[in-house]
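Here the chain labels run A, B, C and D in written order, and each chain numbers its own residues starting at 1.
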Amino acid sequence: MIIDLTNGTVEDRLRIGLIGYGYWGPNLARVLDHLRSDGVDLVAIAERDATQRMRASEMFPTGDVVTDGTDLIHDEGIDAVVIATPVGSHFDLAATALEAGKHVFVEKPLAATVAEAEDLVSLARRKDRVLMVGHVFEYTEAVSYIKRVIESGELGDILYIRSLRVNLGIYQTDINVLWDLAPHDLSIINYLLGTEPTSVSAVGQAHVTEGVPDIVNLNLNFGEQTLATVVVSWLDPRKIREMTIIGSKKMLVYDDVSSTEKVRVFDKGVDGPGHYESFGDFHYAYRYGDIVSPMLEHREPLGEECRHFIDCIRLRKEPRSGGRSGLRVVRALAAAQASLERHGARITLDDPLTREVSGRVDRLLIGRGAE
Amino acid sequence: MIIDLTNGTVEDRLRIGLIGYGYWGPNLARVLDHLRSDGVDLVAIAERDATQRMRASEMFPTGDVVTDGTDLIHDEGIDAVVIATPVGSHFDLAATALEAGKHVFVEKPLAATVAEAEDLVSLARRKDRVLMVGHVFEYTEAVSYIKRVIESGELGDILYIRSLRVNLGIYQTDINVLWDLAPHDLSIINYLLGTEPTSVSAVGQAHVTEGVPDIVNLNLNFGEQTLATVVVSWLDPRKIREMTIIGSKKMLVYDDVSSTEKVRVFDKGVDGPGHYESFGDFHYAYRYGDIVSPMLEHREPLGEECRHFIDCIRLRKEPRSGGRSGLRVVRALAAAQASLERHGARITLDDPLTREVSGRVDRLLIGRGAE
Amino acid sequence: MIIDLTNGTVEDRLRIGLIGYGYWGPNLARVLDHLRSDGVDLVAIAERDATQRMRASEMFPTGDVVTDGTDLIHDEGIDAVVIATPVGSHFDLAATALEAGKHVFVEKPLAATVAEAEDLVSLARRKDRVLMVGHVFEYTEAVSYIKRVIESGELGDILYIRSLRVNLGIYQTDINVLWDLAPHDLSIINYLLGTEPTSVSAVGQAHVTEGVPDIVNLNLNFGEQTLATVVVSWLDPRKIREMTIIGSKKMLVYDDVSSTEKVRVFDKGVDGPGHYESFGDFHYAYRYGDIVSPMLEHREPLGEECRHFIDCIRLRKEPRSGGRSGLRVVRALAAAQASLERHGARITLDDPLTREVSGRVDRLLIGRGAE
Amino acid sequence: MIIDLTNGTVEDRLRIGLIGYGYWGPNLARVLDHLRSDGVDLVAIAERDATQRMRASEMFPTGDVVTDGTDLIHDEGIDAVVIATPVGSHFDLAATALEAGKHVFVEKPLAATVAEAEDLVSLARRKDRVLMVGHVFEYTEAVSYIKRVIESGELGDILYIRSLRVNLGIYQTDINVLWDLAPHDLSIINYLLGTEPTSVSAVGQAHVTEGVPDIVNLNLNFGEQTLATVVVSWLDPRKIREMTIIGSKKMLVYDDVSSTEKVRVFDKGVDGPGHYESFGDFHYAYRYGDIVSPMLEHREPLGEECRHFIDCIRLRKEPRSGGRSGLRVVRALAAAQASLERHGARITLDDPLTREVSGRVDRLLIGRGAE
């Protein structure tokens, strides 16, 4: 239980329950467990799989380990719920938890449809609870640094962003590669630009599982000014996480795989033609300059993210990656999904088609092959 | 003049005229000049710009240097014409030369419209002359090696190709980045797959010159089986020429910028799910394996290309990158241009729209901003 | 207690005590703790520093945490002792533990002088206990792979090895950079070549702490055939761990910092001149060939190492990096130290001077500046 | 002929003769030929090998091509002689040319012995002619940039330099790898530090040709303050030219093989312990900071070098890499050679032993195997 700080009373410890101890859950458990000195207790873990439950018991002998997430949600001793289950179950679990008055952290993407995401946002508002999405890259030092560089104006206007997020596997069975990997790019790009795309288009192909695209090429239009292209793939010989940001003054490359130089700022650019009488009569001034790799402090982004969730609960703040941010990402994913199913046709984010698609793979599988 | 080899007579020397001594022409001149011992004489150069004409005279004191390409074309002492002018003039020069009975080599792209390219192909056939396009990458050792690897079956079926061809500048004033850089990717991919795309889509944006896209994201569909994505840009901090080829058995990365390891073959792959009762019930077998960088002999591709042109003239062969190959590339460019102008709508290669667009930038500039 | 397997009796659990919970001890503790299912119990930790003792208690609430390593050594419930203290205390602790009948694992280097190392080896033999040194790289998949490649003859005769092991910090206060970093290179190279150097020479310089070299350039002569050069430094802008191995048939580069391609085999070489009449009359045949990066399975070397210690105790085997291997490394370090103090003079490994030096920095500091 | 500029008279064209058209000579010929607009004429080439003479005639149809360098030296129409022959002939040719009143440019190293180099320096002084050595790296933009950075104090005191210059082949038959490759490192390091080593030591080994070391590990002591280590090898799978410079304030890496980032400045360092009571009682402050890759303009160093030679002739300046600079490099090579032959013993540069060795391989081969 949390005591309002404005009353000057001391605060209780914050008690967290974790639902889902599969691929990502153990990481969240470990990080939450390390927040003990911050007044946080991971008191219970819910997991359907028996083997994983046994592992959870071994790692967290002091916490309850249960099968059903709903039991955990209705535990009155729990203040906040962290959900790390397949996306198909996000809505039910998060909605139930919010209804039960819990603060909720959901792994990305927030939900499988726009309607679900909207409902969660309004439910959180109505119940006055914190709703946060696990857009973990927004909590990295690299992305924070790039955000500051952009806001300082050093790069000038952002003209173009190209992102490449590919590797071999790990195939998801419940979502396609768009819903699996692109939430990272969408959350980073939306965060950096401080807005969301106006329209998107996407082309992809399914090679391993019929109907489940494992390679997607995505275009994001931010008005007429800025274009972003994102390629996500589960079928690539190398692990690449690389974002190139073209500003009107400088350019920046963010290589998340590099251990020592994640961000490099290129003092390169081009000055437009200016006034000229006849075509062919001018020269562009290319500016080539120094390259700077700034020293970035190492922080564990997952730790930053979890601490931010706790802070938002305590201070009743809207999280950096709050429900609305999660909704924006789901809206772009839905538009991209609609485009995928229409051979790459451009879809605006307010197109009704975005309300007809879902990130759940079982729906995708029924009756049509994704393009 | 060429004497039919089947008659057993000796062959004359082959006399070449070069039209265009701007950006690329000097390279062709240098290479042609080195073919002297192969019985080739570069006898004349035509160039409109006085300064460049002076440079040509200095470098090739023994050849004629004239202003007008047409004069050169009508020179009876010349057997073959090499055209390295802006794309807008390719058709007129090449058609005139073919009509005059010359063999013709044209820099890429072959022409600015599908109709022009088709006319050149049929004209060459009618006049029984060699028509070749400067798809120079088809003459590199790296692409030849990759072609052999694909044909050997070592990669399995080709599922996906991703190409990135970006750098800062050099802006062209007569064409956009699609017509400038993508001919390389299209010619390489068509050559490797032995076919042409069935449909394409493209999204781009113009930042430096209004109406002239300097960044384009292109999708190429080869039937339902194979997808290729190509990003070309004049606005990037790094020079990148990288193609990733995903086969069903192995994967390959072709990095043309690397001096020592242009090709790397990854023994990585994935085996599909096979038969299974219930969804979620299976495991994919990811295969991780060795990486091999084959030793490639160094050959100058431009020299290979010019020698191939000469061989085709002498042996009356259809060149590897003959007129039909050039037409295929122009058709894909035209479809991509039509898609660019329609927000990335998918355009099939036989769509009548492909006959309404041109690679000439002046047409593009009139009345519409490219998307 | 261990029951002889040959008697067919079941074996007891093996009880381990760890002395030293400073920089490296926590890693050993974590790994030993994970060996529980292998029948190993980490039952006690000794550490002089109060803060570190507190941390040890937090991480291992079920084990005893004491101040004095000697108490732990004399604990009759303990079968084996793992020593991760500064090198100056290795001998006293290890000797006491062997005398007490414990099996002993000591972090590298085994001891600070040749005499100490020799005494430990003979003590272990006399007491019939396992004595093992923490030459951790011998337990990496990369070094194991290289060992197999060399033994297969694929590289031919080993002509030359060059190793570079540099980074910024972490400065040790009790030893110089030679005794800190070079044990890794010496243990790897001795292991790969299956022998030890016949003579060494070393040049270095102290920049941060007077008399404590932080950069050392070391030559190792293995007979007249094979030379190895090793540069170790605490004063470098990049972290580099790179070993180049030149064989008469092939060459190999081992880059321990690379996450994906630690080993690369170059099919490059040179064929000697053979017979020729006059000097200048011959051509060497340089062989350039493919490069192969073998796929290496990921294993935690520290886990492999600890498991090997356990296996050796149970099976009464001499460890791969047993006392004799540790003695060889200390002997080479002592010869290099003697050379360092003599401006790089070549010192054979049986030179009496090797018995007059010590790896302890306090001795080094007294009365002379290391060269 | 050159007219003294102080007399205000116009200057004649400068007429150059080139001796040696083997491996390096053609590069010098090409560059000298391009200096025509600077008033320089390459009027004659001497080369003993008939095939190479034929090539020279083809490339320079307007110049004389002769067999014997002496003929060229005694040609009164020639003002300056450029010598690109094997090192064994440097002295005779250069001395004869200086005696004949020619200005002389000699490829590195200046001569095969200290005595020869000294004689050339004093001869040039006596005859008042320009004597310059082809230390080409001193004319690169990268080395010039590093020189400016060091002189600005940005790096602080230079503590250590490590250089690696290795590749597979090209084996020289007249000199060992020390005399072939290390002149580059010595000239660069001497130039950067503005001084020469006080003592050196070197260890090497011969694998391909008996008695001709193909791998050498060299230490250069610049007083007690600065150490440099240099590894040169003809037996390495990769071409590496990398110099790491450790300053007391910043560190720098110079990678000559990189096409885009030859120099990188690391804002990294370490602050010493300062005052402290007891040993072990202090912490070093490691400073980690940004990395900057400065933009370097591209210049052809060989062109810069030849132009500098011309300028020095015209302005009667001592060249940057003049005879004295060449002598310093030969002196260090001789000391290193003496050390090589004495198992790496430290040799001071004024040691009489430096006068007993030669870079000529035939002397090396007689009677002893290099170490």
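The rule we apply is simple: a residue touches a chain if its C-beta (ideal position, glycine included) is under 8 Å from a C-beta of that chain, and two chains touch if they have at least 3 such contacts.
Quick caveat: nothing in here was measured; it's all calculated off a predicted structure.
> Name the chain pair with more contacting C-beta pairs, choosing from B-C and A-B.
A-B
> Where the centre means the average of the CA atoms, what chain is farthest from chain C?
Checked the centroid distances; the maximum from chain C is B.
> Using the average of all C-alpha atoms in each chain as its centre, how far is it in Å between chain A and chain C?
44
> Measuring centre to centre with CA averages, how many angstrom lie between chain B and chain C?
Distance between chain centres: 56 Å.
> Quick check: how many Å separate the C-alpha centres of chain A and chain B?
40
> Which residue numbers or ranges of chain D touch two or more of the other chains?
Each of 238, 288, 291 in chain D touches at least two other chains.
> Which of the residues in chain C come into contact with chain D in the complex?
Residue positions touching the partner: 159-160, 162, 168-169, 171, 173-174, 199, 201, 203-205, 207-209, 215, 217, 219, 221, 227, 229, 231, 233, 235-238, 244, 246, 248, 251-253, 266, 268, 270, 272-273, 279-280, 284, 286, 288, 291, 343-346, 362.
> What part of chain C is in contact with chain B in the complex they form?
Result: residues 261, 267, 288-295 of chain C touch chain B.
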